[in-house]
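Labels run A, B, C and D following the written order; every chain starts at residue 1.
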Amino acid sequence: MAISPKEQTALYTTMQTIRLFEERLVKEFLENKISGFVHSYIGEEAIAAGVLAHFKKTDRIVSHHRGHGHCIAKGADMKRMMAEIYGRKTGYCKGKGGSMHIADFSIGMLGADGIVGAGLPISLGAALSAQLDGQNKIAAVFFGDGACQEGEFHEALNLASIWKLPLLFVCENNQYGVNTSYRYSLGAQEITRMPEAYHIQNKSVDGNDVEVVYEAAARAVEYLRNGQGPYFLECFTYRWHKHYLSNSLPDLRPQEELEEWKKKCPVTAYENKLRQAGVLTQTRIDAIKTRILEHVEEAVRFALDSPLPAPQDALEDVFSK
Amino acid sequence: MAISPKEQTALYTTMQTIRLFEERLVKEFLENKISGFVHSYIGEEAIAAGVLAHFKKTDRIVSHHRGHGHCIAKGADMKRMMAEIYGRKTGYCKGKGGSMHIADFSIGMLGADGIVGAGLPISLGAALSAQLDGQNKIAAVFFGDGACQEGEFHEALNLASIWKLPLLFVCENNQYGVNTSYRYSLGAQEITRMPEAYHIQNKSVDGNDVEVVYEAAARAVEYLRNGQGPYFLECFTYRWHKHYLSNSLPDLRPQEELEEWKKKCPVTAYENKLRQAGVLTQTRIDAIKTRILEHVEEAVRFALDSPLPAPQDALEDVFSK
Amino acid sequence: MREINCEQAGLEAIQEEFRRNSKTVHMSTDMPLELLQEFGPDRIRMTPIAENSFCGAAIGLAGSGYRTVVNLRMATFSFVAMDQIFNHAAKITYMFGGQAKFPILYRMTIGAGIGGAAEHSISPYPMYMNVPGLKIILPSNAYDLKGLLKTALRENNPVVSFEHALLGGVQYPVPEEEYLIPFGQASVIRKGKDVTLVALSKMVQEALAAADELKQEGISVEVIDPRTLVPLDKEAIFKSVRKTGRLVVVDEACQTCGAAAEIIALVTGQKTVFAALKATPARVTGLDVPIPFSPPMEKFAIPDKNKVMDAVYEVMGMKISVKKAES
Amino acid sequence: MREINCEQAGLEAIQEEFRRNSKTVHMSTDMPLELLQEFGPDRIRMTPIAENSFCGAAIGLAGSGYRTVVNLRMATFSFVAMDQIFNHAAKITYMFGGQAKFPILYRMTIGAGIGGAAEHSISPYPMYMNVPGLKIILPSNAYDLKGLLKTALRENNPVVSFEHALLGGVQYPVPEEEYLIPFGQASVIRKGKDVTLVALSKMVQEALAAADELKQEGISVEVIDPRTLVPLDKEAIFKSVRKTGRLVVVDEACQTCGAAAEIIALVTGQKTVFAALKATPARVTGLDVPIPFSPPMEKFAIPDKNKVMDAVYEVMGMKISVKKAES
């Protein structure tokens, strides 16, 4: 599968955008400027970038607690994301959701969510709507290896299988749920054994190689758009930061393992590859980064310039009109 | 595997006891003498009989809504069962449970239950206690094809797998959950694909042939007692009556299918086999049946002679002392 | 006027609203044949026995422009789907700042009296009331059921409908013509001046039976059926209690933190109503026990006409009791 | 006396009781290292993220002679385990006629104020109170926590312990010597004669702060912490209200069908207490909204000292308000 330089640049830009956005959050967190539970996506950028490159605005996705990357790759506005994380009135959720609950329904991003596995049932409905709408729409759900332990995982695989839903299961296997290895928690050991049991097409790929993810997702998406049923894509990866940004939460993963995986940085690796292949010059790379950093800075400024919600705003939005 | 005539007679007697007990319930129901939700085990007797022949009093089992057969095969007292179904004070649960909630903890029967799939998590604890106790104790959980659709099924398989619990999963696949075929509801199509995904030893057998069940269970139980981990036994069978005894509930299963399966009656088939093999004479068979019928009659009489609970008894047993 | 039962009324409500709006889906573990025939298998979907998955799917459908009716059958089955209902359906509108609407109708059967024992006989609406973000309807007859379900099917929020098992087959006059019943409008079923009886779901029958008998004895009872618990028509209750000065709440659900406690806290928290009270407000509720199977205990565990009458005597300051009188 | 925080107090309670009784098991999705070191991996078990399975496993263990502590961490995670807790743990003693005992301790963290938003900030004990068969403890400091947990670990029934996130790190005097706190015994933290403040969990702090300030103003406030909700020490509350004639219940949980409603219904349902009331009993509770993320809204959604003071002024018939006074 040939990936055009334009697509390659786009993949790189998406990854780098996520990275720089997330790095800025780490900084903001360390400076005590943001509060709540912020789950960093650093290290896993290739998955959101590679998968969502194939998604249209009318395709819908459901995310999980580690959702910033999915938002950005689906086309969300960093300003409104940042404002939400900052708890501002101009945020996507008017400050009601925070980092764990960013959504943009207008672009088919049906929300991040704080309950492990809970996005899976919701995504079934998004996929069913796509099926009922016709027009080859599809849906995707992102979830971790930890979510594969919840009963909802089984129920979602099963329903998607029997209803042949156009649903892409994207398992971001970063190998740990908080500090617990999936090798301890999952009897299957290989996650794809489970979708396989339900006769769901599946594939396990290197989640740190964006082109590998991109190509696998291309095939999966084609399969979905052809109405052949659901597809399960496991992307093997690693999280660089603690489970959530925190000064007190321990990180019990082996330090060497983390170092090993940092060497496999999806963003740097791809940057090097594109530079070596002559797709991007260093100047171009620098320009891209500068532009992204400007956007991130702009997002932070937007957030800081935005008003906090009034206390009484808490009373609104319990019900829709 | 050689089964001794004594064992064969015991298997036959257990099956026939369940059958005659359940037939009596149908009669009582038709005469409006019992109320509530009564799920008949008729047609599935070979499973409880064949599996539980290998269980000791110190081994524990968890049952589901269709639980009378498991009670009887685990050695419960028919009098107290009948009294419970009749809602009498002398029943196993003092009339608080009824048909759907019979338990006898003193013989390791941890209860029937009305929530599909809910026995699975509970059985994990019974199996863990067996593991902690040492002494090669084991546990079993009985559940239907319908229960395999609930998330708890996945969670139970997974936990049993990673903790190597001495738990025998007995899937009574009577092919329907109420009126819905598992061929519609289960994407796996073959149920054993699921335990297989979790690296759980498994086997699918003819659940209407008691010796087949008995032999498969023997191997499974040995595996469990050796501490090798859980085992999954699917027993293929068919339910003869409606989902529960009812005048109004429709039975939407194909009539011919039901007739076909009635021809494969586990009790009659085994009776014929043992007669032909010379293990049991017709006289002996008649004597066994007569004796069982006497016990059943005695159970009904016991129930009818027993007092109903006082209304105020409702206030007791919310908490243990 | 023709009479139909709740089952039929519920079916008609869905049929009428599904005809109006084709972006509607029905899910249940069984197959409702009339709906299937009219609307086809795309919209009328039989699910596996996996309540959490389809209660959640309804949320995803809602967020994608479809309105879903989920019939869970027995309310007890909703416990396996609680995370989707309490943590997601209820909160998703708010959590995402109101950017999308979530029109979902969850229907479930409640109530004791069917020999269903502890799991299958529950009336769990109080815990749903404790979760902001859910509208809750509790119809006590086929007329209200149909009108409220139709409103629910035009409502842009998750609605939970609690329908009593023993009401399913009860016939009631229901017009052929279309009508809707707005949420938050109690029905004052009977006017009275001595005591206000607020009764929920099937307990409306017991309250009316008690009111009948009490009338013979010269006690004039006002019977109010709130019909919807969220929103609750507080004003109707306040107005009545201001008039009668006496309140008895009759509810089959367990007492502790129940709907009756809430109604009493609202009434006693309102100065002018509190000032009008001539007696301690009383609760006649289900006992705080799981529902037992055996009929004598089961009957004892839930309120009936006699218990309602006793409570009325009590708030009237009369020293008699039905039970004492009968024995 | 030494001071320790709730985290340490909880750990000590488990350590002490696990030493007394070796047929005890601890389950949580993370690994509590101190417990692991002392009691080993057979008894201190790390589970998959599958709450329904291990909440249910605790029931099977209980029915097989083992006592289990399940630490669910955040109360919001209990929703995926609701069927095992509400339909099984709570009912199994009763449903089976009391033939077995089910000693289980479910611990979970509650409360807003941590920027956790709608899912991670809840205080769901009212719905647990509506389910007969669960004992419920709600400690407001490390001393009570330790004593109540130790009692829970000798109790032969399922106990649910709700522990506020913001109390976890708060130091409190806790003796080295062993002690237990019986269930159903409220603690009258401060004596007073004008108003009874019944405060739950972290709200005890707000109530005490309010009482301090009110004292300066000449209002004498009695502060009662029930400590356990099931059983509830009604008598302590009745006694106090009979004396003061005024009641304010302060609770962070949502208002509708909450613990505050129950306490008010109990108080107003008791003739002698009702008769003693000089003002409408008041609720100061969490708003009926999901907890919002952003601090100004989050703070607004839950009670604080000022709101408590306003409620006291109100029941005292005083026409001032903290907010008005400050602005």
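Here is the rule we use: a residue touches a chain if its C-beta (ideal position, glycine included) is under 8 Å from a C-beta of that chain, and two chains touch if they have at least 3 such contacts.
Every value quoted in this text rests on a predicted model; they were computed, and no experiment measured them.
**Student:** Find out how few touching-chain steps suffice to connect chain A with chain B.
**Tutor:** 1
**Student:** What is the chain whose Cα centroid lies farthest from the Cα centroid of chain C?
**Tutor:** A
**Student:** Hey, how far is the Cα centre of chain B from the one of chain C, in Å?
**Tutor:** 37
**Student:** How many Å are there between the centre of chain B and the centre of chain D, using C-alpha atoms for each centre?
**Tutor:** Taking the mean C-alpha position of each chain, the two centres sit 41 Å apart.
**Student:** Just how far, in Å, is the C-alpha centre of chain D from the one of chain C?
**Tutor:** Computed value for the inter-centroid distance: 29 Å.
**Student:** Listing for chain D: what residues touch at least two other chains?
**Tutor:** 48, 50, 52-53, 76, 79-80, 83, 87, 94-95, 117-119, 132-133, 287-290, 292
**Student:** Considering chain B alone, which of its residues make contact with at least two other chains?
**Tutor:** 93, 95-97, 101, 113, 115, 118, 149-152, 155, 158-159, 162, 184-186, 318, in rising order.
**Student:** Could you tell me which shape the graph of touching chains takes: line, ring, star, complete or other?
**Tutor:** complete
**Student:** Under the touch definition given earlier, write down the residues of chain B that touch chain A in their complex.
**Tutor:** Its residues touching chain A are 149-155, 157-162, 184-189, 193-194, 196-200.
**Student:** Quick check: in the complex, which residue numbers of chain D touch chain C?
**Tutor:** Residues in contact with chain C: 52, 76, 79-80, 82-83, 86-87, 90-91, 94-95, 117-119, 124, 126-127, 129-133, 230, 253-254, 256-262, 264-265, 268-271, 274, 280-283, 287-290, 292.
**Student:** Please give the residue numbers of chain D that touch chain A in the complex, ascending.
**Tutor:** Interface residues on the chain D side: 29-31, 46, 48-50, 52-53, 76-77, 79-80, 114-120, 287-290, 292-301.
**Student:** Any idea which chain B residues touch chain D in the complex?
**Tutor:** By the definition above, chain B touches chain D via 60, 62, 91-97, 101, 103-106, 110-111, 113, 115, 118, 120-130, 132, 139, 151-152, 155-156, 158-159, 162-163, 316-321.
**Student:** Which chain B residues qualify as touching chain C in the complex?
**Tutor:** 35-37, 87-88, 93, 95-98, 100-101, 113-118, 146-147, 149-152, 177-180, 184-186, 308-315, 318
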